[in-house]
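The following pair of complexes shares a single chain, subunit A, combined with subunit B in the former and subunit C in the latter.
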Partner chain A sequence: MAVYSLYILNKAGGLIYQSDNDRHPGVNKLTANDYLVLAGTLHGVHAITSRFTTSMIHSHDPNTTNIPASRLSGPNTNKSGLQSIETDHFNLYVFQTLTGIKFIVVTSPIPTTNLGRGELNVQLELANQLFKDLYVLYSDYVMKDPFYSIDMPIKNPHFDSKIKQLIN
Partner chain B sequence: MLYSFYIFDRHCNCIYHRRFSLVDDGATNTDNESDVAKLLFGVLYSLKNISSKLGDQSTNAGGFNYLKSFSTSSFRIHFLETLSNLKFVLITDNLIDNVRSVLWELYSTYYLNNIALNPLSPVDFKGDEKITNPNFISQTDQFLRSLPVYGGQ
Partner chain C sequence: MPEDNIILPVSASMSKMTIQDSNKSQFGYNPSIGASSNEITPTTSSILLNKTVSLNPGVSKSINKKAFEVSLSSLSFLFCEIVNWSHKKSKGIQDLENRLNGLGYQIGQKFLELSKTREGLKYSKREIKIVEILQFIHSTLWKGLFGKIANELEKSQDVNNEYMIIDNCPLVSKFVNVPKDYGDLNCAAFIAGIIEGALDSAGFFADVTAHTMPKEGSPLRTVFLIKFDDSVISKEEQTVQS
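Moving on to the complex of A and B:
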């Protein structure tokens, strides 16, 4: 799973950090404005899909919940909103922290031939591992930076270089 | 496990909705005008835009980038759009990875034979017209119920 891009959104859906993988571009370069639109759209779609959950599966089988126990623990508070998108050329994963910050990574797709039952969930677990590492970096290099003001764009060279190491 | 099946036409209307249920017979065409159907269409439209914008469209990458599916922690939504802008949508639990062939079968066999090639069926579904063709409904039901993904095994 190669990481193509990373976006960080503040709790209002604004793009506060963006990093692209230089070695595997994988996705199109957009204009700065289009990236803001992209972030806002994903934020909105996440909010809408979190309203779906009960109505989509209601009265089907009220006794089962389909959320695996492994996904109920951990720092990801993204329990009902958009978690992943699969397209022909990339996959996209969303992680939301307790404070509403969203981490979004765009990765290489899984070849269709490898798709069996549950393969996408294996990829989701991999992505969640990556999110944990990203969250640690964010806490260490952004939250502990005394000059950082919350919800503002992240311009920290140490954070930048650590992120590059992680995703390249 | 299969939860429901939607068809949207090129005018953004939900022309067919079938909800499946393990405890009763489910429902047909009851929620076409509901908020959920409209929100679902909006989400699919936005995500389709994102995937075509962000996806590398160069020929060596394989041409146009299609949205295949997206998921939340409790369900996965599978998507297929035909050249005539009909959108076929299946909602399943998120253990099911790929039902593209099923969506294609629903379009190419059942929709084409019963709706598109049927001279008595309208070319365009206007206003609140829906697919009520009993052959289409019973055949797609039978087909979907016969699939391994239906019961989730």
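Moving on to the complex of A and C:
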């Protein structure tokens, strides 16, 4: 699975961080404004889709039993709403933290040739692992920086280099 | 000292004591009862003879404990708040560095005592040469504070009274990113303060400043520039002669 690009959105849907995989030849840069529009659109779509799935939350999921039901059904949870888009040209995965920060990655599609058993789930697991690593980096290098104010764009070379290491 | 030999105080403060508290540990003055609470009876005298009274349980043990670990996350969040707090009160970048230095200074003074105590009275000695005290800070003190020794210790080639301790990734500023408009602010000024405090209380008066000098592979590499007072240099020359 190759990561094409990464977006981090604050809880209001504003784009606070964006990074493209420079090593991948197929990734075209957009203008700064297009990135913002894309982020806003995905935020909106996620909010709408979370309304569709409220009744499907698994109340017996051990990961969510400690969280009050009111928070599980709200739009700020990763248990509802848009989670992935799979196409022939790219896959898109969304992970929302309990505080409403959204991590969005665009990756290469699932290879259609030589598809082994369970291959479909492998990429989803890889994406989940990637989100976990991204969240750790975010908590370490962004949240522990005394000069960062919450919900503002992240301009941090240390964070940048760690992200580049992770997605390239 | 075995655990059961310590008499813990009945309650955290005397003012919180009630009449019921008198017999819990069978010993100790209780102001709400009066003089009779401190009576010497066969029980209390045997306690007094056989046990040690510790009003501050834990301290006597933990002072000699060498490895005591705290979470890096908690430390980072605390330091993050220290920087924010100093930043809010400061008038400028230089002032912010001075404030961080000042906070570290007090820690350095106290930690010098602590690490000397931990070395043990038998093996510990008072350093009287510049190189010796610097080596002590570079290895023993650094290890006690950050769990590793500093990366390099150098003497300036041009200036006689300048020495450098270099750390490739200072622990407190691991997650700190200084924005461009803050110039050459380095939050490791806090550590510089610790060094300065330790040196000053050891009798080596010096000014210590922190400077970022990134190197390939270690962007946070920090040089702690130690500038000794002239009196320290002349004292050193006298010791060498005699």
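Criterion: the second predicted complex is superposed on the first by the 131 of 168 C-alpha atoms of A that agree within 3 Å, B and C clash if a C-alpha of one lies under 4 Å from a C-alpha of the other, contacts with A are read in each partner's own complex, and residues count from 1 in each chain.
We take it that contacts are C-beta pairs under 8 Å (C-beta built on N, C-alpha and C of every residue); 3 or more make two chains touch, one makes a residue touch a chain.
Just so we're clear, the structure is a prediction, and the values are computed from it rather than from any experiment.
Of the two partner chains, subunit B is the only one touched by A:L82; subunit C is not.
Once chain A of one complex is fitted onto chain A of the other, the partner contacts of A:H158 are limited to subunit C, with no touch recorded for subunit B. When the two structures are aligned on the shared chain, A:F147 is found in touch with subunit C, with no touch to subunit B.
Using the contact criterion defined above for the overlaid structures, shared-chain residue A:F52 touches subunit B, although it does not reach subunit C. After superposition on the shared chain, subunit A has more residues touched by B, the comparison being subunit B against subunit C. Interface residues of subunit B, counted against subunit A in their complex, comprise 1, 3-4, 20-24, 36, 39-40, 42-43, 46-47, 49-51, 53-57, 61-62, 64-76, 91, 93-98. Within the complex, the subunit A residues that touch subunit C are 140-141, 144-148, 155-159, 161. Within the complex, the subunit A residues that touch subunit B are 25-28, 30, 34, 38, 41-42, 44-45, 48-53, 55-57, 59-62, 65-67, 71, 78-90, 106, 112, 115-121.
Of all residues in subunit C, those touching subunit A in their complex are 73, 76-77, 79-81, 83-84, 87, 175-179, 182, 187, 219-220.
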